[in-house]
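Dumping the structure here so I can ask a few things about it.
Labels A, B, C and D are assigned to the chains in the order they are written; within every chain, residues are numbered from 1.
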Amino acid sequence: MGITILRLLFYVLIFPGCLFVTAIGLLLAGIDRKVLARMQRRVGPPIVQPVYDFFKLLGKETIIPHAANKTAFLAAPVVGFVSLVVLMLFIPVFSFSAFSGRADLIVVLYLLTIPGVALIVGGSASGSPYAGIGISREMVTMMAYELPLILVLLSVAKMAGGSALCFSLSDIVAWQEAHHSMIAHWQLIPAAVAMLLVIPAEVGTQPFDVAEAETEICEGPLIEYSGAPLAMFKLNTALKMFVMTALFVALFIGGIDTGIVALNALILVLLCIVLTVLCMTLIHAVTARLKIEHLFQFYWTFVTTLATVSLVLVWLGL
Amino acid sequence: MFKKMIAKSTAKSPWIYHINTGSCNGCDIELVAVLTPRYDAERFGFKLAGTPRHADIVVVSGPITSQSKERLLRTLEQVPEPKCVVTIGSCPQSGNVFKGSYSVEAPLEQYVHVDVAIAGCTPKPEAVIEGLYKAAEILGKKREAMNQ
Amino acid sequence: MNFPFIREAISNVFSKPSTRNFPAENVEAKPNYRGRITYDAEKCVNCGNCVKVCAPSAITRKYEDVEGGQRITYTFDLTSCTFCGTCQDFCDEGAIVLSPDYHMVAERASDLVVSGTRFAAKKGKLVNSDACVFCTLCAKVCPQEAITVDRKEKLWSVDYDKCVQCGKCIAKCPKKSLSFEEA
Amino acid sequence: MISYVHFPVLAVMGIFLGAFLEEIFGVHNKAARQGILVATTGIAFLLICALVKPVMFDGEVISYWMGDHVPVSGYAIGIGYEIDQLGLFFALLVVTTSLLSSIFSLRYMERDGMLGRFYVLFLMLCGAVLGLTLTGDIFNLFIMIEIMTFAAVALTAFRGERGFALEAAFKYLVLGSMGSSFTLAGIALLYLQCHTLNMAQLASMLHGNMTPVSVFAFGLMLTGLSVKAFIVPFHTPAADAYAAAPTCISMMFSGMVNKAGVYGVIRLVYVIFRAIDLPAMQVLLAIFGAVTMFIGVTMALAQHDFKRLLAFHSISQIGYVITAAALGTTLGLSGALFHAMNHTLFKGLLFLCAGSVLYSVGTTDLDRLGGLSKKMPQTTICFLIGAFSISGLPPFNGFASKWMVYQAIYAKAVESGNFLYALITVVAVVVSVMTLASFIKVTQAVFFGQCPVSCAGAKEVPLSMRIPMWVMSALCVITGVFYNQVEAWFLRPAVSAAFNVTHYIDVMMGEGTAAAFGISNVKAAAASFSYWDPILWLLLFVVVMAATGIVIITGARERGRILTPEGAEEDGKYATFFSGEKSLPSHVSGSDLFWGFKHDWKSYFRVMQGAHSGIINDYALWVVVGGAIITLWLTVFVR
């Protein structure tokens, strides 16, 4: 009993939980900035720069504006952080995961919205009109990527389940071990591409950072945040990078299990780095920010088409 | 527990908020040039912030016109501590060629404490980097002083 | 939808960054860069041309009476300077030079001031002699416009309140007619 | 001690009696009025709750013949009440809603006159819907529908000094009467066919024995009940009526009046006609449900009145219920019932919040509200709970039920291989996100942001209005977290009752009747759930939250101070950043918050706005066309 609790605590606090997620998330954010700089022929910040940013923000004052609702303003970033960590506990690291037996695609889909909602509620609670515009854009972004995301999830579920309902993430990973990784099945390649395009919008990196466009609406929902809550939000963005890429790995590259947890974790981290560079850094380096209506159009036409193609192909059983 | 880490990080991750108070745009361009690949101030963690609430260093350019003075001071007030004020170019320090004009209320020093002055009209990007770097060091010291 | 810079972005990752390693390796400005003002007080003749031409009035001059003469201090306020270089152009003596040193960063504005002091021995009044041909060269070079010459009426006069005793007229005079009166 | 078999009748009669007493004593006497109101709804609540143990837990189905007119030689001649688990499930929703609504109305209605008459109608509405859920007689059901409709129409027009209340009431009157007429025509045809009005007997006769006349009657009745449930082509009076009625009535509209329609549809297709096993029936209802949820939510996105927006969400959420119920699977019906229940809870809660805002500010126009979170903190918390519930954020109840609905639809899709259901799954998820979007809009426009002058005098509402809100909030959280218990205690009995037609017939008409008609039960597969463990999730959440909290507390000395503004409003440090301009009350209001989205959808919105013309003739045409589609579809496909 005691050992079980200790093990669970270890899961929650250290390995797939808080510490691991935070460390890898910050690492990914650092790599993203470094590689982005190199793509622009710059030297770029040190890889630990997000850690510096985080600690710096912790040391700053937190000013709560007059118009803000204090409770919601301070609670929002913490709720976002906690739900991201909990979400990571549900995502399998190949065959291993603390609570992956209880992970379910729909649950993951909905847990993924909580950080976004936290950002929106926090921004809204700050009372700034810029934040008002920011949350509107954040919400439209959310609506934009949710459609392709659910199509991707459904095609993966159909592929793994056949004629039975299969929403369990660990079942999907197990199916991939038995067969091949999802990405190796040609029908799912459009879905994988769609998912890769969904990741940057979910994380909110350029060109899909319309919600936090610092040059036009002064960081949108984050406008009135300073100090520790802002640090939490910046951390959340870093965590989202890791969680989304890890979800991609679980959904599409789940079939390469080595049997050793530490090695699996290492492979996961490496894959996450590759994915981050591929779908966030590279797109960031070569594009400029979209307008919100173009972003919506992009997701509901191009990305949705990709995902639908996959769903239809899988459905036809090709 | 994190005191040292925070003080060190404060010096290593200064975010800049730039206010133009009627500048001719020369200094503004040079400030942006600092972030280009050639000079790349991001090496030291510099980043342009979109709002004063995120800023550590406020860079002021321009001769503080009467219209902008009130807005400048209001914005400066909204920056959380520890913060540094850096003037870039001659204008905010003295008014430069505009001094004595009915609409210029130049020396910034009479309203707030200026931590670093970067002279030049306009300063070379290298000078701007130097000035910002110095401001970042001051920032770290200010944070350490807050610990005591 | 096309991404024109994808190839550049990828190839840049594997090429050397174009960033200068600036604070570690000092970068010299180009030779004609107009940076920090250097002022050689010994060369200065106190003509005051620089003070006059300075658009932002960044140059100030201060007199201090001491025994046997004056201490003349020129102050160049770099926080006020536009680095236009006009003072350098107008300084015949080459006392003012805008150097390529651009490291003008200070925590206090007082650190951004260049100044120089020179002791000027007391001289007598400027006087003219009969050799004068009223060519007006002295009036032309006088930075203070202290000398008036009327060629028709053959009159030469000097406003001693304006004269700073720079000696430019003496140097310019073709007939060696001008001189300072012995004290 | 009276046996509990009398309780249902007593509850219904008690409420109607209360209505009469209200008319006699309550018109002038405030204390009597309020006492009678709370006493009758409270007694009804207690009586129905007392039935939970025997019916829900012990599985008994109560049959009650009025005046003990038991069936003679297999023909039901009296009016029978039959309380099975499905009926009781809806009855529970009705009594809960009416009790909470009556408590809320005590202070909420204090500024209105004519309250005696108001409460007469109020209680008639409650009694009618309660009777509707408990009755076993189809003509009695029609009568209850009529009482319900006319009480609802009168209540809609109650604040008739505002013109649009009368307009809304008129629309409701016309369309409601059309729905009633359809139902009555269907009942008449059925009576012609079967010479009985008892639902159990009708079920026994109609099953497997559908003639063209009975299919036509089915079509008419389905249309009539769909009008009462406000499914899409028939939804048009809902928006106006919900917005115009006093809020405690709007809450009852969405909490029980449209549930009455849903109950009728479920009873009709599951029990009386047993048509739910036919794929054509499933497809018809699923399409209607999907269209309902989509049009409801997109129309809601375009609204700028708090209550009207909620009204369109009611329509949208009923779409979920109908879609899930249409699947004809155990999981689907569980999801449907669970969502119906949750909808009663969270939509009631949201209407109460809207009512509180109306009470303390005097308007529900989203463009004129703002910054109420500081003035009305408790209302804000309740609203957020309701908004998160309806948007389906874990761990609130909306998530649990929506998650069951998605699973049910997609399971149906993969099992039947019908791609349509996969598309409906996608629609359901997207609608859920849009629901979130429109509630974000309300949150921003009403509760957060800056306070306009019109809201400066707002105060928190009195305690008697807050109690119902807190009760509903608590129920939203509890049913979300302990959804396994809800499923085991309420949903499973109700669902199995819906599938267990033989028992329904036998209890009413005597043992062996069903067998005599050759009716056997459909084998309903046990509901299979995937993994969603809100308790584990909450535990993890709490642990991680605690860990974060510890770090935050230990770091409190090192981290920067948290500065809260004190006193003077003038302190520039705490002013909102306006790019340096002086901070002025400036608020991004709700009406056009999602313009980027609307821009991409402008042609769709243009069509929808043109379609919702507000002209009653058009709407009547919609009803006729919808009815024609349903009837035609059924005549062609249902045998």
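Of note:
One rule holds in what follows: a contact is a pair of C-beta atoms (placed from the backbone, for glycine too) under 8 Å apart; a residue touches a chain by one contact, two chains touch by 3 or more.
Source: prediction; values computed, not measured.
Shared contact partners of chain A and chain B are C, D.
Of all chains displayed, A has the C-alpha centre closest to the centre of the whole protein C-alpha set. Looking at B-C and A-D side by side, the one with more C-beta contacts is A-D.
In terms of their C-alpha centroids, the spacing between chain B and chain C amounts to 30 Å. Centroids built from CA atoms put chain D at 35 Å from chain A. Chain C has its Cα centroid 62 Å from the Cα centroid of chain A. Separating the centre of chain C from that of chain D, both taken as means of CA atoms, is a distance of 87 Å.
Along chain D, residues 555, 558-560, 563, 573, 575, 577, 579 each make contact with two or more other chains. Touching of two or more other chains is recorded for residues 17-19 of chain C. Annotation for chain B: residues 2, 6, 37, 40, 43, 51, 53, 78, 80-81 touch two or more other chains. Chains that are in contact with each other form these pairs: A-B, A-C, A-D, B-C, B-D. Listed in rising order, the residues of chain C touching chain B in the complex are 17-20, 22-23, 27, 29, 33, 35, 55-58, 77-83, 102-109, 112.
Per the touch definition, chain A reaches chain B in the complex via residues 33, 37, 40-46, 49, 51-56, 58-63, 130, 212-215, 217-219, 222-227, 230. Listing the residues of chain C that touch chain A in their complex gives 1, 3-6, 9-10, 12-13, 15, 17-19, 21.
Put simply, chain A touches chain D in their complex at residues 9, 12-13, 17-18, 58-67, 69-70, 72, 74, 78, 81-83, 85-86, 89, 99, 101-104, 106-107, 109-111, 113-114, 117, 120-121, 124-130, 132-133, 135-137, 139-140, 142-143, 146-147, 150-151, 154, 157-158, 161-165, 167-168, 218, 223-224, 227-228, 291-293, 295-297, 300, 311-312, 315.
Considering their complex, residues 1-3, 6, 19, 51-53, 68, 70-75, 77-78, 80-81, 147 of chain B touch chain D.
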